[in-house]
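Across the two complexes that follow, chain A remains constant while its partner is chain B and subsequently chain C.
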Partner chain A sequence: MAEKPIVGERKAFMTGNEVTAWAALAAGADIMYGYPITPQTEIMQYWARMAPKFGKTFLQTEDEISAGFATVGGVLAGKRAFTATAGPGNTLMQEAMSMAEMMRIPTVMIVCQRGGPSTATVIYSQQEVTMTCFGGNGEGFRIVYSPSGHQDVFDYTIKAFNTAWKYRFPTFVLSDGYQAKMRESLTIYDPEIRGIKMVPTEAYVGKPGTPGVDREPSLFRNTYNMEEELYEVLMNIKQEYDRVAPEIVEYKEMYTEDAEIVVVAHGVVSRAVEGAVTALREKGIKVGFFRPITLRPFPGQQLKELAGRVKQLLVVESALGQLDKLVKQEIYGVTTPIANYFRPGEGITVEEVIEQVHKLV
Partner chain B sequence: MSVQPQMPAVWRVETKPHKFCPGCGHPLVLKALGEAIVELGIQDRAVFGCDIGCSLLAWDFFNIDSVQTHHGRTTPVITGVKRANPDLIGIAYMGDGGGYAIGAQHLVNAATRNEKITVILINNAQYAMTGGQMAPTTLPGQKTETTPYGRDVETQGYPTLGPEMIAAITREGAYAARGTVSNLRQLKRFIKRALENQMAGNGFSFVEAISLCPTNWRTNAEQTWKFAEEEMTKYFKVGEFKTPGEKKEA
Partner chain C sequence: MRKIQPKSEPVIEGYVGEYASGKSENAVNRALSLVKQGRKVTLADLDIVEPFYTLRPIKSELESLGLNVLAWETKDTFGLGEAGTLLRPEIRWVLKRDGDIILDIGYGVEGAKTLNLLEGVKDNPYLKIIAVINISRPLTHTVDDIVEYVASLGRVDALLNNTHLGEETTVQVIQEGAKVVSEAAKRLGLEMICTSAEERFKPELGDKDIMGNPIKYLRRFMPQTFW
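Right, the complex of A and B next:
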């Protein structure tokens, strides 16, 4: 068997989908279950090509429902199992992810957002925020990272496996079609040389010993008979989620110390915003930017504190207000006006953001 | 002093009496499964997955690692477990709705891929947990809550013949049989062969069990057995439909 997939570190110029497959390999993922859908498909293709060389396996399932549930099964067997999908596939996988949410199963799922609703486009959007954060008949006990470029895709895919297995919540890397299909330069690396230790996995079923003789059997369910029973289970999950949330939350801010206007954006759009804000600062306009890196849990406290001391917020996203809803819910009580620039299913450029900010000055 | 009937060693006494209705067929199938597991010595590597519907009541039935999944999704969960750790013996336990309706795509594809798992499916001719609606296995003319005038095959189709379908779509190495709780020794043989088939790594193995549901059939003991033994077996033939070897038990 070949040794480590990546020895040391090296520069690379590749598509985001290839980056994801490399990141999963570097993270020591054991098995991928998947079903083809654009713009995610090449993650599977690269994984299917590279995985056997490192003793890893792949299963192409009959649909995304099956891929989601097989991923749950792979995790139950104690393996770093993951899947990847987009759009309508994400919709189908929400059923399995709600099981993972209820049973604290550390699945890892990569979402390459495409246009919606329905089949829409195979290209790009930020319209899967609500579904990825709160999908299924659930309460949003999930962890969702929103990367903004290929280095992030690599870093946060590795991190997703560790966050999932450390905290035992289903974890998502919410990327998009641009970050899937574009080529960018980045550094890929063996996590160990950066001091990143992979969190060990643990089998839920099939542990050593004979159940009922050497140990108790592992018995898992997601069905409850009584209201009170379910309430207790959910409140315990909530308490645990709230307890670990501050450790998980990540965000980035720029030029916010003296900003009068703050632009809020996530994912690839935050790069346009960063470019716009940098250009506007050169012209002396007091504008800053805030990017939630985790959409679940959301850096609400940090944004609320910031929003309370500026004159104007501007939410920019490639959706009709999915990030905007999160923002408003988190900063409730702050009276700072919130403008928006929504381009559902469309990319957003630096020039567009500059123009929007000018309208507010 | 009362003498308790002999139960398989994997019987989890802490969760007995079990939660199935009086007269239900599930516990009979589970007892046969438990005995087969003990006789094959696979208690320490069996993983039991149960579906939604009455089968979910088996989630803590055995001293065996168990996971209760979603409706129809036990097949992919156990497939996922088995693929990730091939040393385990994956058992997917479900009803006729879970296997032939909502999870049919999973059953068909797991069978065609020859997944090395064992599916055990309970055929009680209707949806029992939700109160007796038409299932893929409801007999022509049979009255249920959603076929109050009887199942009309013109508008509602004919019952699904599961093991026959599995036999038709699988290749060498697969196992497909239909047993009945009215012949428990034979049913246990079928289950045991299905598990042995997985242990040998031959291929997909499938056992349908004709079962009983006096609660929703609204039958007394005599009528219950009559329906299972006479009415159901007219349509659902008992026997082996595919074995890895030449011999089949009719």
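Right, the complex of A and C next:
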């Protein structure tokens, strides 16, 4: 058996899908369940190719419904299990993810967003924000990280396993087709040398001893007979979610101290915005940038405070207002005007963002 | 009596390698360098896994530079999307063409198998299969990794060092690649064909890498493509 997948740290040049597979290996993931779909398929291919060298396993299921539930099952058995999908596959996995929400199952799922609705394109979009944050018949008790490039994909895939197992909420890395397929350099590392300790996993079911005699019985339910019973369970989950949310929330801001206009973007689009804001600052335009890294829980308090003291917000995304909806919900009460630049299923460049900001100056 | 002109030997090369190893970039640049020498060159895109995302976006630009490009065009593939895993009929017979032929063979191990679909691949005396290696890619990082990887590809006749780290590339990164890939070629008993690098390194690197292999400089075309 080979030793650790990554010894120490080093620079590497890869596609985002390979980065995800390496990150999962570095995080000590035990098993991936999956079903092929562009632009996610190479995560499976690379995992299936490398995992056996490190004693890890892979199961290709018959479809995404199965892959989602098998991931839940793997976690119940105490495995650091994950899956990855995109677009219509994400839709099919929502039923299993709702179950994970209700039963507090720490599944990890990587989403490589593609154009929608339905099959649409296999290339790129940011149209799976609403579904990944609030999909299924649930209340959005989930944690969703939105990476902006390969280093983020590596860092946050490792982090997703720890967040999931520490807080016991289903956790998502919401990447996209561009990040899946593009190539760039990054530093890959053994988490241990960065002081990252992987949160140990444990089996939910099949524990030793007689339930009720040697230990508390394990009871995991997603079915309730009475309204009151369900209400009580849900409110307990909500309370717990609200309690841990401030510890989980992450965001990035730039040039916001004296900004008059703030551009809000997430994921790969935030890189175009960062480029645009940097260029506009060089010309003396007072523009800043705010990027939620966690879309669930959302850094609402931080954005609300910022939005309250600027003259104008601009929301930029490759969807028809899915981030915009989150922003508006979180900053309700602030009267600062909000402009938008929506390109559903299309990439956004630095030049386009500059042009949009100029319209507001 | 008509005198038979002795034909010069054609250059027939196929580029294989890991996904994102740089095989398309090297294939395109090699084809264009042959065009510059006044030769007749055909560039064929053999990627049948994702045939609609590779050379397609730059096809007309390459044709305007004098290359004959065999690849799908958007209008031919409307409605097929990623489902169309088709080999163009003319590509199947490409080895029967006159002149130089450069094959951009689809990615990875599965891509290399596509080569077997070409007519005459087994008995073409000029065909040389070149594996493009970037040691910054974890699966081809060490001599052992490369030896294991190349063995999985089927037929390979030569190695090419295309080590880089994108925008973070340095001369040291390229030279380290030259050492490791040359050593792997030696172990595999294969020809070490050259090192390739972006044009911006020319003043520092010169004509030969640290191992004495020729350096070929690349003009970047692939950033304009999808994947």
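The criterion applied here is as follows: the second predicted complex is superposed on the first by the 355 of 361 C-alpha atoms of A that agree within 3 Å, B and C clash if a C-alpha of one lies under 4 Å from a C-alpha of the other, contacts with A are read in each partner's own complex, and residues count from 1 in each chain.
In the analysis below, a residue touches a chain if its C-beta (ideal position, glycine included) is under 8 Å from a C-beta of that chain, and two chains touch if they have at least 3 such contacts.
Keep in mind the model is a prediction, meaning the values are calculated, not measured.
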Original post:
chain B versus chain C on the shared chain A, clash or fit?
Top reply: fit
**OP:** Name the contact category of A:217: first (chain B only), second (chain C only), both, or neither.
**Re:** first
Original post:
Put chain A at the vertex: what angle do the Cα centres of chain B and chain C make there, to the nearest 10 degrees?
Top reply: 100
Original post:
Per the overlay, which chain contacts more chain A residues, chain B or chain C?
Top reply: B
**OP:** Look at A:22 in the shared chain and tell me whether it touches chain B only, chain C only, both, or neither; answer first, second, both or neither.
**Re:** second
**OP:** Return first, second, both or neither, reflecting whether A:61 touches chain B, chain C, both chains, or no partner chain.
**Re:** first
**OP:** Please indicate which partner A:11 is in contact with in the superposed arrangement: first for chain B, second for chain C, both, or neither.
**Re:** second
Subject >> Which of chain B and chain C A:346 touches, first, second, both or neither >> reply: neither
**OP:** Applying the touch criterion given at the start, work out whether A:190 contacts chain B, chain C, both or neither, answering first, second, both or neither.
**Re:** neither
Original post:
Rounded to a whole Å, what is the shortest Cα gap between chain B and chain C in the overlaid structures?
Top reply: 23
Original post:
Which residues of chain A touch chain C in the complex?
Top reply: 6, 11-15, 18, 22, 38, 42, 50, 122-123, 181, 183-185, 188
Original post:
Tell me, which parts of chain C touch chain A in their complex?
Top reply: 19-20, 81-82, 134, 136-139, 141, 164-168, 173, 226-227
**OP:** Spell out the residues on chain B that touch chain A in their complex, using ranges where they run on.
**Re:** 9-10, 12, 43-45, 47, 52, 56, 59-60, 62-70, 73, 75-85, 87-88, 105-106, 108-109
Subject >> Sites on chain A touched by chain B in the complex >> reply: 30-31, 33, 57, 59, 61-63, 65-79, 81, 95-96, 99, 203-207, 209-213, 217-223
